[in-house]
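Note that the chains take the letters A, B, C, D and E in the order they are written out, and that residue 1 is the start of every chain.
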Amino acid sequence: MTGRIEINPITRVEGHAKVTIDLDERGEVARARFHVLEFRGFEKLCEGRPFHEMPGIMARVCGICPVSHILASSKAGDRLLGIEVPPAAVLQRRLANYGQVLQSHALSFFHLSSPDLLLGMDADPRTRNLFGLVAQDPDFARRGIRLRQFGQRIIELVGGSRIHPSWSVPGGVARVLSSSACDELKGWLAEAYATVDIALTRLKQILDRHTEEVEHLGSFPSLFLGMVDDEGRLAYYDGRIRIVDAEGNVVADRLDPGRYAKYLDEASESWSFMKHAFYKPMGYPVGAYRVGPLARLNVATTAGTQRADRELREFKQRSSGAVCASFHYHLARLIEMLHAVEKIEELLDEPELKSHEIRAKAQLNRRQGIGAAEAPRGTLFHHYEVDDDGLIVRANLLIATLQNNAAINRAVEQAAKRFVRADGLQEGMLNRVEAAIRCFDPCLSCSTHALGQMPLSIEILDAAGTVVDRLARPDQV
Amino acid sequence: MTPEELHQRRDKERAKRSTEEDHLLCCTAAGCLSCGSEDVLHSLRDAVKTTEANVRVSGTGCLGLCSKGPLVKRESDGAFFGGLSPESAAALVPGRADLVDRQTLAEHRIEPTTPFFALQQRIVLENAGRTDPERIEDYILADGYEALSKAVTEMTPEEVLSEVKKSGLRGRGGAGYPTALKWELVAKQAATTKYIVCNADEGDPGAFMDRSVLEGDPHRVLEGMALAGYAAGASQGYIYVRGEYALAVQRLEKAIRQAERERILGNRVLDSAFAFQVDIRVGAGAFVCGEETALLASIEGRRGEPRTRPPYPPERGLFGKPTLINNVETFANIPPIIRKGGDWFSSIGTERSKGTKVFAVAGKIVHTGLVEVPMGTSLRTIVQDICGGVPGGGKLKAVLTGGPSGGAIPESLLDLPVDYESLSKAGSMMGSGGLIVMDDETSMVDVARYFMEFCMDESCGKCIPCRAGTVQMHDILARISRREAEPSDLEMLAKLATLLKETSLCGLGQTAPNPVVSALRYFREEFDEKLVKHPLAENTSRTASERRE
Amino acid sequence: MDSQGLKPRLATIWLGGCSGCHMSFLDMDERLIDLALRVDLCSSPLVDVKEFPNVDVTLVEGAVANEAHVHELEIVRARSRIVVAFGDCAVTGNVTAMRNAFGVEDVLTRAYRSTSAVVVGVPDGADGMVPRLLPRVRPLHELVKVDYFLQGCPPSADEIYTFLNELLEGRTPTIRRFG
Amino acid sequence: MTPSTDSGSRKAAPASPKSKAIRDNREKMLERSMSRHAYAGNALIEVLHTAQELFGFLSPALLRRVASKLHLPPSRVLAVATFYNFFSLKPKGEHTAVVCLGTACYVGGAVDLVQKLEHRCAKVGATSPDGKVTVQVARCIGSCGLAPAVILDGQILPRVTPDQLDAVIDRILASPEAAPADSASQ
Amino acid sequence: MSVKTLKIDGEMVTGRAGETLFNVAWDAGISLPRLCHVGGLSDVGACRLCVVEVEGQSKLAAACVTPVEEGMVVHTNTERLREHRRLLIELLFAEGNHVCSVCVSNGHCELQDLAVQLGVDHVRLRYQHPKRGVDATHARFGLDHNRCIFCTRCVRVCDEVEGAHTLDVSGRGASLKIICDLGEPWGQSETCTSCGKCVQVCPTGALYLDGASVGEMEKNRRFLQYIVTAREKREWIRKG
C-alpha cells in the first residue's frame, strides 16, 4: 500500500505547518516532509520604506522574538549610519536580548514542550497542554509563567512595551532606563534562578525515560553554527560566526556576520514557504547546518558565566564530539536560560546602563547594512540595501528557524520512520513526529515571516492519490 | 454704431434679401460638420456659381436633427434635407435639379410638418436655420441687438431687471435659481467693478445644447451678457468655454471681433454711456469647473477647486468682486425677453417654470439631436412623439436627465411634465438638459457605475467625501456588477450616498450619488438580483489568479 | 449555540500575523491561571485540540492572507457565537497587508526567486502543498461578520484581560484605541 | 486628456522641435502671449494653452519659464498644469486617438472601442511602444448625436464600430513615418 | 464691532460678526473634530469633519467656514453628524496606507485620535492600498505620501506663513499628490527654506523629521499662533 499521511496542523509550535509522510508498497515510511504554510513577504513589503522605520516594521515579523528582529534591524541601521553606538545603548540592547532569550525559552519549555515531557507523549491530547499542566502541577506551571513574565518584564521596562517595543533604533536606543526599573528587575533574580534550577533538575530526571526520543527525534550528525566572542564564549548581541562539525571540530571560525552571503546561501522548494539554508563551501543539501541553543552550546568553548559553565561542562560530556541529538535542544535551552539570568544580573549592576547618552545621530553614510544577533532560535541576519535617500531598495532576512529547516525535515523523517506505522495508526505516534519538530522550537512565523495554525487530519492515500484511510484525533469525531 | 445705424443696417440687409430667389442654409454645427457638411456647403456654393439664379447659401446653427446630418434647410418652402452627399445637395440649387433624379432628392426630404420639427417651440434656437453664425448682419437681420439697443436707449437698468423678473426665467444651468434674483443681488452691490460670467463649460456627458447655441448663434449670448451687464452695472464679461468646444471658441472670437468693430460692444455700447466688453476664457478639461466657484478659480488661473459659500459670487466672486454667473442658455433667453417683454415669456411654460427648455436627446432613440419645447411638455412627448422612440422596436426602459447629477426616470413616469419641481420630485433634476434614452438592454447598475466613475474621475479631490467617497461607491457598484457584493455592501452604498449628499463641499459631490439613488429607487431589483449572500463561497472556488479584487 | 459546561468556551486562532497578539495573551501571566478557572480554552495553537469545536468566543489573530485562512475563518465563524478580530492585522490588515501595494507575483519573486541560490521550486501553491496566497490581504470583517474589534499591535495584556472580563461579566467592551 | 475636437480645432502642434529658427520663433510667440496678458498670474491657464499649442507638451523647462515670467511659484504652475486634463507633461505619439466616453457614446458601445485601442495600441493615457499612437478617453465631446465617436487627430469619426476602428488602426500603422504634424497645416 | 448671539448645543453664546462658528464653539468649550483647520492658517473647509446642523437650513454647514449669525441655533453632536464624521474618518483610512502600528506618528496622530474619539473601531470600506512613495531626499525632513490626507495645512503654512509656496497639490481626485516646486525631489527644491513648519502642522505622519522611528514624531504647533500674531499685530505672545 503506497500512500501519504498528513499531519496537519502541527500544534504547540509557533506557526502554521504540516507534515506529509509518504508510504511505500509495504506501508512503511518512505519519506516525510515538513511544510511551512505561511508567508507574508516582508522582503518585499518593506521596499520603499525609510530605513529608520525598519526596526518597527521588522518587529512584526515575529511576536515571539520581536526584540531579536529589532536588534538585527537596528544594527543594520547602525551600519547604514556608519557610526558607533553609545555604550549605554549597547548595554540596554544586550539586556533586552537576554530578557528575550529568557521569555522565549520559557515559552518553548514550559508552555509548549513540557506537556509532552511531563505529562507524556501519549497523554490525552485534550489536556496535554499548559492548562493541563496547571491542573496537574500548578506550582511548576506558575513558575514557568512567572519566568516568562520576568523576561517580558525586562523588555517592557527597557523597551516600553512587551511586544514590538519601538525603542531600539538606528544609532542607539530611544529611552533612558530608570534606576527604579533596574531595582525592580533585581528583585526577580532569586526566583528566576530557583525556577531554572527546578526545571533543569526535572528535565535531567526524565531524560532516562526518553532514550527512544533522544535517539530518534532527530539524532544525526551535522554542522552547527553560532556566534561566539573572541574567547569562544557565548555571544548573543555581537560576536563572530563559528561552525563546528559533528565531531566537534571547528570548520570555520571568526567569520564576519556582515559577510554572511560569502559563506551562507538559501534554496527554495515549492512544497514549503520556508527556504533552506546551507553552508556554501559544502553546497545544498549537504551543507545543511543547525543553529539555536544546541548549536550555540556545541560551538561555544565556554558560556562565560559561572553557573552556566558548570552545566555546560556536564552537557558537553553527553557526547565525545558535538551533541547531535536534537532532543537535547530542550536541555540546551534550560542551560541558556541559566546563562541569561546570570548575564541579566551582571548587566543590572552596570552603572553605564542608566546613562542618558543613548543615541548617536548621523546622516546616511553607507548603502548596505547588515545586522546580526543570536535570536532564541539561532543566528538572525538582517540585510538592507538603501538608495541615496535611505529608502529600502532590497531587504533580505536570514532567519534562525529557516537555517534549521533541513534538520527539522530530517528529524521528522527519522521520527516518522521510527514511530509511525500505517497499520494501526495512533495519535501518540504522530505526536512524537510533532515533538521532533518542537525540539527545534521552530518559529515558523519568523522563518516564513508569518505564522498560523491548521486543523489536524491525517489522510492515507493510495497510489492514485485517493484517500484510503483518515485518522482523526480522538476529540475530533 | 448708433441705434439708428443698427436699424438702417437691418433694413438694408432685409432689402437685399428680398431680391434673392431662395436661401439654402446648411448646418455647420459640430454634429453635421463631422458628417461632412462642410463639403455640402462648398458643393452648394459651387453649384450656385454655375447658374444664373440669385440664391444665397449660408452656414447655419444646429437644425436639431443630428441623426440625419448633414442637414440643409430650404427657406422658400421650409423643407429640410438630410443625409445629403455633396453631389445630391447641389441639386437643391434652383436650376440644377438635373444633377440628380427627382426620386433621390425626395428621399432626402424631411417635411417641416414632421413631429420632430412641428412639435417644437423655438426661442433659444430660433435662429438655427435662419442665420449664418459667422455673419453679424444675419444676426442683426433677425432682430439681433435690438433688445440691447432698446435697453440702452429706452430703459433704465432697473427696468431691464424688472422685465427679467416678470419673465419668471430661471437659471438653465440645472438648479433653476430665479435669474432676476441673482441679477438683483449683483446690481445692489456697491462695488464699482463687477463681472458678468457666462458659464459655457457644458460638461455633462450627454449634453450639447450650449455648444449648439454658441456655435450657431454666438451673438445672442453676447447680447444676453451685455444686457446683464447693463442691468447689474458690470462692464466686463467673461465667457468660460470648454476647451473641447474649439469651434464654439472660434465663432465666439469672431463674433466678439465683429461686435467690437461695429461698436456694439466696447466703451460706448451702441453709442451709449454703457461700456461692456467680453473676453473668452478657454477651459482645459475639468468637469468640476462647471461649478461656479471652481469656474471662477479657473478664470483666475488657479486649480478649478470649488470653495465654500457664502460668500456667494454675487457678493464676492471673480477677483473678489461681485460677479453674476449664468449659463449659455440663460443668457440666450434674455434678448427675446427684453425685445418682446417679460409677460410674453411668462405666458409660455408652466406655473413655476417659464419659457422653453432645450434638450439634447441621445442614446437608444430614433432621432438623436436637439429639441426645444415649452416647459411642461411631457417626457413622453419628447421621447416618443418628437424623437420617435426606441429604434428597432425595442422597449424603452428609462430616461436619464441631468447627467451625472441627475437620475433615471422610469418609463412609467414618462408623462411627467418637464419642469424643475417635477423632475427633482422624481429624484432627478433638470440639469443642463442632457436626456439619454435607455432601452431594456441597458443595465441600470452599469449606468449607475458609469456615472460614479465619471464623478470619481472628475472629483477635484479637495474634500474627503467626494474624493474618497466616489472611489468607494464606485468600488461597491463595480463589485455589484461583477456579482461579488453582498447585501451589506448595498447598505454601505446608501450610507455613502447620504454622506456625499450632505457633507460634500460643492455641487459635484452633493449630486454625485443622484444616479445611484434614483437607480435604487426605481430599479432596485436589478441590484438585488446581482447580490450574493456569501461572496466567500464563490471566491474560494476560484484560483487566486482568476480572482480580481 | 449554548456552552456545554458551566464555563464559557473560548478559542483562539492565528491567521496571517506574527503571533504577537497570542504572546500578549500569554502576557496576562498569572491572570491566565485565574482565567483558566473561569473559561474553558477549547482550541488554540497552544493546545492540541486541532479540530475546531463549537465555542462561545473566538479570538482571531492575523489577517486573511491565503486560501487556507479563508477556509479556517469560515469554520470559526460557523462554530463561534462571538468572533473577535484580535489585534490590528485582523482589524485592519496592518503590516501583513502592506504587501497589497505589490502584486503576489512580485512578492513571491522577491522572496524566493531572486534571493535563493538554488531554486528547486517556488511555493506558489500550484502543487497543492501550500495554500495559495490571496491577491490581497484582507481584514476579517471583509469576509465574515465580526462582533468585536480589539485594536493594537498587539493589544496589551491589560486590554485583553479587561476585554475578556467585560465579556464574561456580560457587558459590552468599549474601544480605547485605533492602531 | 482631451485635445481639441473638430475641424475648427486649433492648429495641431509640432511634436518635435525642428530647426533652431522655428524653435526661437515659438519662444517668441510664447513671450508675445504672456506679454499680451501683461504677465499676469491669472493668465496662467491661457499661457499654458499657448505653450502647449506651440510645443506639443509642457516640459519642466517650459513650466519653469512660465512660472518665472508670470512671477508664480513653480509648484503652483505644476499644480494647475496637472489639474486640467488638457495639459500634457509628456510628448504625445504621432497620432492621437480619443474615444469619447460620454453617456451617449458609452451606451452606444464606446467601451469596446477603448478595448480595441488598448489591445492594438496602448493603455489609456499611454503611447504605443513604437510612438505611433497615443490613446486617450474623453468625458463627452458633445457630439452625442454621433455616438459612439472617436477623435483621430482632431477629426471626429462618427458612429464607429470596432471593425471600422480596426481598419483605421491598420491604416495608421501601415503608414510610413508619419509626416510631422506641422507640415499638415502648411 | 457688532456682536451676534446664537445657541450652540443648547448654550447661548456670543461671537463677533464675521467670526466662524468653529471659533465661537471653541471659545464656548466645544471642540469640533477637524483635520484641515488649524488656528493661524486660512480655512478651506475641506475635511468636512466640523459640519454642524443649523436649524432652518437644509444643508449641513462646515463650522470652520461658516460665519456666525444672529439667532442661529446650532447642533454640533447629533447622531447624524457622528455617523457622517465616522464615515469620513473611515474614508481616509481606506484611501491611503495608514499602518498605525509602524507609523512615526503612532500615538501622536490627529487622524488616529479622531478615530478613537469618534468610535471608529474598524473600517467598513475597502482599503485601496494605493502605491505611493516616500520622498526622503530632504536632509532634515521626510514626506511619506502614503500617510497624506490632503488637508493642505502644509501647503497653506508654506504659502501663508513662510511665504515660500514650495509645496502645492498636483493632480486631482484620487491621484492628488503633494508636490515640491515642479515635482522635483524635496531635497532638490530651490525654494524650500527648510523651516520645517509644514512638518509641525501636518496632522499625521506624512511629514516627519528625518530619523524618526515608530511613534517618535510628536508635532508642535504652538509656534503658529505666535508667529501669526507677531506678524499681524507686532505682538510677541507665547501662550501656555
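The rule is simple: a contact is a pair of C-beta atoms (placed from the backbone, for glycine too) under 8 Å apart; a residue touches a chain by one contact, two chains touch by 3 or more.
Bear in mind that the values here come from a model prediction, so they are computed numbers and not experimental data.
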item	value
Middle chain, criterion being Cα centroid separation	E
Pair exhibiting more inter-chain C-beta contacts, D-E or B-D	B-D
Furthest chain, CA centroid comparison against chain C	B
Centroid-based (C-alpha) most distant chain relative to chain A	B
Geometric centre distance via CA averages, chain E-chain A, whole Å	46
Mean-CA-position distance for chain D and chain A (Å)	61
Inter-chain centre distance, chain A versus chain B - centres from mean C-alpha coordinates, in Å	73
Rounded Å distance, chain B centre to chain E centre (Cα mean)	39
Chain D, residues touching no fewer than two other chains	76, 79, 83
Residue numbers of chain B (touch at least two other chains)	286, 303, 457-458, 460
Chain A, residues touching no fewer than two other chains	57, 60, 164
Interfacial residue positions of chain C with respect to chain E in the complex	85, 88, 91-95, 97-98, 100-102, 136, 139, 141-142, 146, 149, 151, 153, 175-179
Touching residues (chain side chain D, partner chain E) in the complex	60, 63-64, 67, 73-79, 82-83
Residues on chain E engaged by chain C in the complex (per definition of touch)	93, 97-103, 106, 112, 115-116, 119-124, 126-127, 129-131
Residue ranges of chain D touching chain B (in the complex, touch as defined)	1-2, 4-10, 40-46, 48-49, 76, 79-80, 83-87, 101-104, 106-108, 138-147, 149, 155-156, 158
Chain A to chain E touching residues, read off their complex	48-50, 52-53, 55-57, 60, 164, 166, 169-171, 174, 361, 363, 388-391
